[in-house]
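Following this line, the structures themselves.
Shared between the two complexes below is subunit A, which has subunit B as its partner in the first and subunit C in the second.
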Partner chain A sequence: MLIMKNISKVFQTADIQTHALRDFNLTVNEGDFVSVTGPSGSGKTTFLNIAGLLETYTSGEFTLDGENIGQLNDNGRSRMRNHKIGFIFQSFNLIPDLNLFDNVDVPLRYRGFNAKERKRRIEENLERVGLASRMKHLPSQLSGGQQQRVAIARALATDPRFLLADEPTGNLDSEMAQSVMSLLEDINKQGTTIVMVTHDAQLAQRSPRTIQVMDGRVSELNLHLATDNQQAIA
Partner chain B sequence: MFTYYLRLAWISIIRHWGLSLVMICAIGLGIGAAMTTITVNYLMSANPIPHKSEQLFFVQLDSWDVNEPFDEGVNPPDQLTYTDSTNLMKANKAFRQNVQAQAYGVIEPDDSDLLPINVSARANSADFFTMFDVPFIYGSAWSQQSDIAKEQVIVLSKKINDQIFGGEDSVGKTIKFDNNIFKIIGVIDHWQPKPRFYDITTGAFNESEDVFVPFSLIAEEKVRRSGNTNCWKPSGDGMAAFLAGECIWTQFWVELKSEQEKQDYMTFLNAYVEEQKQYGRFERPLNNRLSNVMQWLENQEVVADDARMMMAMSLMFLTVCLLNTIGLLLAKFLGKAPEIGLRQALGASKATLFSQYMIESACIGFAGGLLGLGLSFLGLIGIENLYGDYMQGLATLDITMMTFAIVLALVCTVIAGIYPTWRACNISPAQQLKSQ
Partner chain C sequence: MLETGLIIRALMRNKIGALLIALQIALTMTIIVNAIFMIQDRQSQMLRVSGVDEENTFYLTNTIFGQDYNIQAALQTDLNTLRKMPGVVDAIQINAIPLSGGGWSSGVQTEAGEDKDSIGTAIYMVDDHAINTLGLELIAGENFSATDIQWRKSGQSTWPDKVIVTKALALSLFPDDWQSALGKTVFISQNQTIQIIGILKQLQAPWNGWDGVERSMLVPFQMESKGSRLFIRTEPGKRDQLMPLVEKTLAENDKGRIIGRLRSMEETRERSYQRHNATNKILTTVVITLTIITGFGIVGLAIFSINRRTKQIGTRRALGATRWQIMRYFMVENLLISVVGILIGCVGAVSLNMWLVKTFNLAPINIELILFGVTTLLIVGQLAVLYPARKASLISPATATRTV
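What follows is the complex of A and B.
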């Protein structure tokens, strides 16, 4: 479903070339829950940005859900992001000026759903993360954990095939982190493919599959046998 | 999506009200200054009779001194002598023709409770009213026969009719004008062409006259003439000598329906001047002119140089305001870079974001336009007070100019918003999301 072959990414400044990814090869199948670990500067976030079509790659082949990403223009990439990918960020990235309802509404607007359908999806997903009663609140009126739940609701509102999470528990205390992780596990059980970048080894252990990125390459691949279903996939 | 973008723009303007207010004020000041001067120029250069301005022609004949040409020979004199005007009237070669001059007098109302009224008057021939589409409330214009018969008839303005007769139909009544009894044959509605094209020599923006009387009564000394008078050759004493002299003080207009009629009339004018040369007049080379309304206004430089200068300066001021707005919009939109990156991540294309932020720019422009409109009203009142009678009634914003003010504000702000929006939309989303 997500196939990267020999992907490389070079950041070029006036004097320096930095190889963020080198011959990066990875296949993520439908329904996977993959944790991506590695030291700072190893290329985890660059990988996630390329996987989320937020950044272009220098060379290689990248196929997402059967589409060759290299051939897509800005509109095509935007459509792919909106239709197939959900994002969860470390710092939640909610729009501070909009209330929860409007924050979750953002990707649905770009999808072109009518008002009734948008309302249904917003209420359903805020209900799912336990914040339906606070949909008129501004993000600043919520705790960090609650904000991350809103971000998850927003990511899920468009029914994405992929959920890309960049340190989703990085700004949360351990209790909140466990709660968010449990939520992600539930989402994965319902069929959404999740790729999660994390520094937290314990959280990574909870995912059925972990890859380690080192110097821009997938240097280690661990397969956990967490559940029967995922054991079969592995 | 349009209403969604409007809502987002509203939220953004309210949440960042300080910055938004500064931008709205900058645009408002620029638009206010520009619209004040543009309005003055627009009204000064407006076509006062658009449906027939191409058919009305002001006649100029160069009867001036051969040794000291009028306007150094560039333009023929801007008025005609009584001799030439009356000769052209008698020739009756145009579809319609009108000789006129400024006049004045005193009306003594029959009602002893009313004081005598000093009035401005226009002495003109019958076609004046038809040629210039003067609207009547009561009665009608006098006829050419009345001109020839030198009948003491008078047409009142609405203002004078209201003042003396309380707005009633006064047609058929008589009135004492300059010690002579005149029969009222018509009352015109409010009529104020801007510029007052039919006689620029006595002020392009003066009010139209209080009363209208036949031109032929000047020679009878039943009406006192006024206005600009220039003579290059001394005339003898007395009215008859003055009328026969080389003094210019009458204006002559003709209505010609086609280019052919215009050419024919010019041929006639040239023949007339050639004929007059035989009597020792018109010693200068042929220099006759037929100028339509707009050509005549241009020739007479109705739009004052200082008004043009003010407009140029105010447009420069608007440019400065817009440059400031560009900077402020840049600061605002780049400050929204994280949100822009996030929206891209959630599926917004660059084109979508560009639309969203251009609409926000337009909303700021619209608010600035409204503020500018208010400031324009104040500016025009200021100009009216500054220039006094010259600008009286001229400095007003009509619906066209109000619409123009809003459109100008929108266009300017949208143009000002293009660069900041383009910059903001080209920010790498990955970089922004990372920097959060």
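What follows is the complex of A and C.
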């Protein structure tokens, strides 16, 4: 469960202050699938980075899975990222020098699993995204959609409670985007809480809950629409 | 959990840079190990003692120009004067100075005849005061007596019948037992007999680069010649004040000759090893410079590869790597590159040494030196990569989402 209360984030550069988030309030419940939309520069990535402990916030209160994030040091945040959070990036962020097997292995190594356990998890998750047969391939030998699937396998391999995705379909054509979205929906159904930033309104509508970020604030909760949608799908 | 396997596989996909640095490390290893070896070799040569009391001895030249000059009487007067001077321990006439670079040598053999092997030795022509004046240690037999001393005319080819030899010469002549040399009669100038009456612990020849530098022989001769050297030993600490005094006294006592070129044994040693010292300084500079350049090479490659992998490092952080795990990645990576370089370097160092041994007759390298090279380069590598690795560890995890 994610609770943000009055979170603000100020970027201080030489002479300008950018208020990327102001009085940002949001609660995400266990098992939610939340889409985050909003215009470019509104603070979506900043929100996601703070939610994923990639960035610290300037003020406010943030609790993730019962843990007061403000009290964690860098090592504590690293550990929490490794144990509880899975990240999916717009440009996949696979390590180009490593094959798929080794790419999925990276967070498992940081976790300290033994070789047998790592192998089991790597194979299981590559299987899950349908790429088990290409374990020895390098990322550059895959299509964008396939690369994003590997990134999802990598994010899932540590069994995170939260999956955070920043424009996961931003670099994909619509067919691939749909299939990645379906994969995320599957994952969510199996219990992983997902927060996904997207500027694709159609994709956003497929998720049960959508929030819009405007000028660093949560401007609109779109629960009804989402509920309607779900009914329509059902 | 070390990610060595992943690091190796990632390295294999970026071989060129790593290989160039590994080769640089190998070359550095090859050169520094051999350079240090050569430095040590020279240093150990310089550390050899000459056997002479170098601190308290000096010498001068005595050049006679007067006509109808009684050389024998004048020498006796000079030696008497010197030996009576307060602060002077003893004085002799001598034909050559240890370590000076110029002197006399001859061949000595245990069997007479042109076809028999002879052993080269330095010849010092001195009287019975030599052992005391030079500060030598007689470890067997006895000194010359005053009656053993003969006058030698210039150009004379016969030898006196008693000699004192160094232990090293005794050992060369009688390899089984140097002590057995005492009392033995051996041959000089192929067939003239000489008897060994004493054995010295040590007295170096005038030539420090000669492999027989420890082989010397005292011959009881006083030279009747117009140019000669006087060698003086003083009481400890009095050499510097006595040198000008001796020069003045000798010059004033006898105006028929010129006293000149006063030089202490310490200065002689310094001049003797001037080249050694200069070469060692150059080699030391090479060793230090090369090590620093290699260190900077490592820093450069690490910074380059870290800048190239900024996003990847951010991603690793996002996936849960701690700062220390990022630092360790680059330190382990450097260690792997260093180990490859050092292994090649070991082969290189030994090969270069084998060539040096063959070409310049040096001794083979010792394992300690190789280990020293290995340790030094490992430490240099880790120190060099420390700053870049620290920089990498400070890359923000947000880099993962903020860079395209």
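Just so it is clear, the second predicted complex is superposed on the first by the 223 of 234 C-alpha atoms of A that agree within 3 Å, B and C clash if a C-alpha of one lies under 4 Å from a C-alpha of the other, contacts with A are read in each partner's own complex, and residues count from 1 in each chain.
The definition used in the following text is that a contact is a pair of C-beta atoms (placed from the backbone, for glycine too) under 8 Å apart; a residue touches a chain by one contact, two chains touch by 3 or more.
These numbers come from a predicted model, not from an experiment.
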* To do: Could you tell me whether subunit B and subunit C fit or clash when both sit on subunit A in the superposition?
  => clash
* Taking the superposition as given, does A:75 touch the first partner, subunit B, the second, subunit C, both, or neither? -> both
* Asked: Which of the two partners, first being subunit B and second being subunit C, lies in contact with A:54: first, second, both, or neither?
  -> both
* A:205 contacts which: subunit B (first), subunit C (second), both, neither? -> neither
* Counting residues of subunit A in contact, which comes out ahead: subunit B or subunit C? -> C
* **Set intersection of subunit A contacts, subunit C complex versus subunit B complex** => 45, 49, 52, 54-55, 74-75, 78-79, 81-83, 87, 89, 91, 93, 95, 97-98, 106-107, 109-111, 154, 158, 166
* subunit A to subunit B touching residues, read off their complex -> 45, 49, 52, 54-55, 74-75, 78-79, 81-83, 87, 89, 91, 93, 95, 97-98, 106-107, 109-111, 154, 158, 166
* Using the touch definition up top, name the residues of subunit B that touch subunit A in the complex. => 1, 4, 11-12, 15, 338-339, 341-352, 428-430, 433-434, 436
* Asked: Once bound in the complex, which stretches of subunit C touch subunit A?
  -> 1, 3, 6, 9-10, 13-14, 311-312, 315-325, 396-398, 400-402, 404
* To do: Give every residue of subunit A touching subunit C within the complex, in rising order.
  => 45, 48-49, 52-55, 74-75, 78-79, 81-83, 87, 89-91, 93, 95-99, 102, 105-107, 109-113, 154, 158, 166
